[in-house]
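Note that chain A is present in both complexes that follow, paired respectively with chain B and with chain C.
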Partner chain A sequence: MIVTRALDGRRVVLFESGLKVRVGDLAALGGLLTAILAAAIVSLTTGTTPITLGDAAASLWRGPDSGDLSFAIWDVRLPRILMGVMVGGSIALTGAMLQSLSQNPLADPGLLGLSQGSMTALMVIFVLFPATPQGVLPLAALGGGLAVGALLIFLVGRGNAGGMAILLMGIAVETSLSSMTSILVLYTPPEVSLALAEWMAGSLFRSSWDSLATFTPWFALGVPAILLLGRSLRSYDMGDQVAMSLGENLPFSKPIILVTAVLLTSAAVSAVGPLAFLGVMAPHLANFISPTSGRARLMLSVAVGALLVVCADMMTRGFAGDIPLPTGLAIVMLGVPMFIVTLRLRAMRRMRGQ
Partner chain B sequence: MTRLRYPAIAGTLFIVVAALLANLSFGPSKIDLISVVTALVAFDADDYDHFVVAYQRLPRALIAVFLGAMMACGGAVLQGLTRNPLASPGILGINSGAMLFVIVGAFIFNLPPEWQGVAAIAGGFFGFISCLFVTRMTGMSKDPRGLALILSGAVLSMLYSSVANAIMLASPSRRSDFLSWASGNINHVYVERLIDFWWLGVLGLGVLMMFARPLTLVTLGREKAASAGVDVSRVTWISVCVVVVSVSSAVAICGPIGFVGLVTPHIVRPLVGASFTHALPANALLGAAICLLADLTARTVFAPHVLHTGIMMDLFGGLTFAIIVKRYYLSPGVREASR
Partner chain C sequence: MRKLVTTMAVMLLATTAAFAQTREVIDDAGRTVQIPEKPQRIIAMHEALIALPLIELGFDVIGVYGRADDGASIYDVDFIKSVFGDDPSLQIGGIGPVGDIDLEKLRALKPDLIVGMGRQLAQSEILSAIAPVYLQTTMAGSESGFSIEEQLAKAFGRTAVFDVKRASYLERVEEVRASLPEDPRGKTYLAIIVFDQISAVRDVSGAIQAIRDLGYEPYDWANRVTNEPAKSRGFAVPLSSEEFALLDPDLLVIMNSYMSADHSEGGIRARLDAIAPGWSRFMRAAKEDQIVFLNSAEVATPTIRSALHTLAAFEEWGR
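Coming up: the complex of A and B.
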């Protein structure tokens, strides 16, 4: 491992494998991982029943089904934290990917209606075909997400139509789909529809080891796949034409990346429901922490997304006594101000550019 | 185009009457037209059908008429003034702002129900002004196509309704009183609020009608209007304020319901033309008809379930929104022109 300087004067770590990583990015990633760990510890020890750090550690050490605290630690809090980390990372990664590919700094799987497409497909399966086994759900979600993606491409056309119009089209599709899911909820018994409403708003509340087990394979395959495919994202950031002239096989790689991104979103939606704005926020925050591009930006986005969801989930828990606030609502409340700041910064950059 | 003006207004009047009668006649129990008419002209308190028409269906129908008229006229004026085909009370933050303030007032400040209208109007202004502010902050005035105005409105609406939902979640005991209102429901029990606020809306429409000529001139071109002796900024601000007040009073009655304000002006404009002297009555009538039909669909199609009218409207609202984005912003001609 050698620390050296790149052409632009930045310090770079050169591994023997030939992998180049900027020192600043490494530091930022390390800091974020520490912050996630700290947030997880806080999340594990606070809540309706506070648990001291020592007791929590002891319970973790002893394993599940051991004593009074093991229910709170092992069955409630730990699955939620793990789910938050994985789902947050996945959605943030998808957002960062979509932003690079579409050259639109505001792209987000939630705003574009992809998450809602998955949600509607899940609702159709849930309400109309209740006997369907659990394992099929992510596939149904994938179908819904891909259908919305195809619909958007069909509606917007292949040309560069202007990012705002794509977003508005996504919002339109989302509005119609979410009212369709609301209609479907009518046909379920009241106790089911309450849980469904929670899920539709996006909630970590019902995360369990079962739902973790369903989501983990998708996360474990999807995130590395996108990170690998994101090898040449630096060239995507500069636009289709530059990427092509740098030797990217866009007609081949772009659809694969898009499908993988939708796959990851769909699996996340079938685990916790749609979380809008996370995909917009996380890459911008990552960029703010360490201005970078390419794969480093993707990795930082994953870490920021995980941190955001774990923190948002903590916020929702102590909300009003025993009532959990849906995580989706908390993220919208955090995310909209962030989104507006993003729009403002973008406008300022545009003005400076002119 | 203008040849169609009077036939179109007469036609919408006919549709409104037909929709009204259908609304009074269909439902869990079908009441034939003769009893509906006799219930209206010669009410007999002992007849159960008359009771249903007068105390359950007529209040709903009147609320739908009020809502439709306010939202459609508001949408027409906002689309004219912002020169944006996507502008409507629902997308520019008025609906969700009014909803947020009603919820904050009721849950946090324990306002009595009589104050709901005041809270809604304050919220409507808050929603609209914050939308303008965010748009200006993000450089909309530089964007010739006005898309940032719509985007910031859509995003702020999400924020306001999320905060309102969170506040409702926090107090489960009172939540059920507001839950159905907050998701946009026309319900006959809300008729008391209609009795409280109807005059605000009617007054608003009256002021807009008085302003119809100068308002038309302003929407056709600010410079031309100014040279014709119209005080452009005065007309703009008064009509915007009137729109916010009348739309918010409708939200205070039956919750935030979108779509009518977006779509009605698009149907009316090709038939009646741009002059508000004719477009406002036509919008009011057609908006009322759309709301009556949506309410009828929401009650009957999914029977025995009664759907919230707001959900029904969102379903079609999203589709219309997509069509308008496609037509005005993504068609090849427009794309070339905006480059």
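Coming up: the complex of A and C.
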């Protein structure tokens, strides 16, 4: 492993396997992982039960017991932090993948209708088959998301249409499904619509070791996605024509990217509900921290998404008190100002460059 | 040897006592739940539909959704205060915001039973780690009047308390009926609540129980409107203002939204005039002054106390 300079003059770490990673990307990732760790530590001490850092460390060292402190750490806060990391990472990864695929900075699982597909499937279950066991719900969400993914592939053709076509078809599908869910809510008994409203607001409240065990395999799917699809997505960033000229097999890779996005999104939606705007925001913030593409962009997006959700969850527990502050709203409150500031700073940089 | 026998006897007694203190019931979601024989500290997952009937049955409700730590309601309407008055013993703690229950706060209250609504299955799985969760159906369509309270009394062994309160209430029904200018039996009623639109009040409330016990019969509005509303829609179902003005009940019962600060007759009329202008010139009940105005925050809960508030309003109207 040696540190050298790339053709553009930036310093890169060159591994023996031939893998090149920019030093700036590594530093950004290191910084983000440190921030996630710091946020997780603060989050462990944030909540109704007063817990100091020492108490938290001692409890983690001792392992779970029947006390209130152990309950707060092991049964409430730790599962929420881990779920936040995984769900935030998954949604951000999906957003980054879809933005490259569609060559559109606004693309995210919500805009393409993937989240809505999962939500609609869950609502159909809630309304028409209320006695369905809870364990079936993730599968239903997956089915709904896959159905939308298949519909998008069918509508845009296997690889012949451009990114804008995917985006426009996605918006059309999302709008149609939104109308369908509105009608379902209208005919849903109030008990069900109350439960739906709570779930649609997005919350990590249901995080538990069981739900983590269910979600982890889906999150693990993100690792091969980053490793295997990163290179393809770098080609997509330059447009379909260039991607093809670089040897990218569009009819093969487009459906794979879409299906991966569907699997990650559906699992996240069934675990915590929809977290709006995260898929758009996280890749943009990652790109601001370290402008890059391919695998590095995906990894940085995952880290930013995880950090945003962990911090947002901490906000709902620590600062909101009894004011209803859904996690989805906390993410928006936290992320949107950062999003606006980064856009402004980027515009100012561009003006200075001219 | 004597010590061993004594220890074993104590252990046997303790085990027997522990078993005797709980019993197995099947809740409305069809789940078998081991609940305390005499629940001492209950958390209710809905204020109006679950907490109030339990309070009326004499249970100690220690936590409910939508309350701050000091017991104040975080919503515009405080049903506990409206129905039971400003009773300092009813300062019930909160369990976090709706949709994001604070499990640490909930556990700190040390409940021995949590009562949720029939469809809160996902929540019940999480909450069961803290205390047994009993799910009570509240809006399946079969409930009416204060039947939810009756079902809870039966499930948690307070039937005698419920029967005493109901007997006293029925005496009051007779008293109020006798005070009305004419016998209401056989006459039809239409109860509406004015939200952003006019909604017909369905069956689940103390108000409807009292109106029916007085002898009024439900006006068959569902078959006289253009769009027949869906069944099992809970407390109220929207009516178009045009359809409303065409209805012809003998008695009109009107209430403002529970969120409204103004429950006076003038306030309710003004709100209704804004939504259905001229209604009072079209409807026979209005022309004959057969209108009772109610405070929805007092009468909309499925409790005997809400039914008593309704009777008081009818008695006042009868004068």
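Convention: the second predicted complex is superposed on the first by the 262 of 354 C-alpha atoms of A that agree within 3 Å, B and C clash if a C-alpha of one lies under 4 Å from a C-alpha of the other, contacts with A are read in each partner's own complex, and residues count from 1 in each chain.
Everything that follows uses one rule, which is that contacts are C-beta pairs under 8 Å (C-beta built on N, C-alpha and C of every residue); 3 or more make two chains touch, one makes a residue touch a chain.
Worth saying up front: this structure is predicted, and the values here are computed from it rather than measured.
Colleague: Going by the contact rule set out at the top, does A:48 touch chain B (first), chain C (second), both, or neither?
Modeller: second
Colleague: Classify the contacts of A:325 with the two partner chains as first (chain B alone), second (chain C alone), both, or neither.
Modeller: both
Colleague: Which partner chains sit in contact with A:72 here, chain B, chain C, both or neither? Use first/second/both/neither.
Modeller: Only chain C is touched by A:72; chain B is not.
Colleague: Could you say whether A:168 touches chain B, chain C, both of them, or neither, answering first, second, both or neither?
Modeller: Once the two structures are laid over each other on A, A:168 reaches chain B alone.
Colleague: Applying the document's definition of touch, where does A:198 land relative to chain B and chain C: first, second, both, or neither?
Modeller: Only chain C is touched by A:198; chain B is not.
Colleague: State whether A:155 touches chain B only (first), chain C only (second), both chains, or neither.
Modeller: first
Colleague: Would you check which partner chain A:344 touches, where first means chain B only, second means chain C only, and both and neither mean what they say?
Modeller: First partner only, chain B.
Colleague: Share the list of chain A residues that count as touching for chain B in one structure and for chain C in the other.
Modeller: In chain A, positions 187, 201, 320, 323, 325-326 sit in both the chain B and chain C interfaces.
Colleague: Sort out for me which residues of chain A touch chain C in the complex.
Modeller: Touch list, chain A to chain C: 47-49, 68, 71-72, 75-76, 126, 130-131, 134, 187, 189-192, 194-195, 197-199, 201, 203, 205-206, 208, 316-317, 320-327.
Colleague: Touching chain B in the complex: which residues of chain A?
Modeller: Chain A residues touching chain B: 155-157, 159, 161-162, 164-165, 167-169, 171-180, 182-183, 186-187, 201, 276, 319-320, 323, 325-326, 329-330, 332-333, 336-337, 339-340, 343-344, 346-347, 350-351.
Colleague: Taking the complex as given, what residues does chain B use to touch chain A?
Modeller: Residue positions touching the partner: 86, 134, 137-139, 142-143, 145, 147-148, 150-152, 154-156, 158-159, 162-163, 165-166, 169-172, 302, 305, 307-308, 311-312, 314-319, 321-322, 325-326, 329-330, 335, 338.
Colleague: Could you pull out which chain C residues touch chain A in their complex?
Modeller: Contact set of chain C toward chain A: 30, 67-69, 74, 94, 96-105, 107-108, 117-123, 125-126, 129, 137-141, 230, 232-235.
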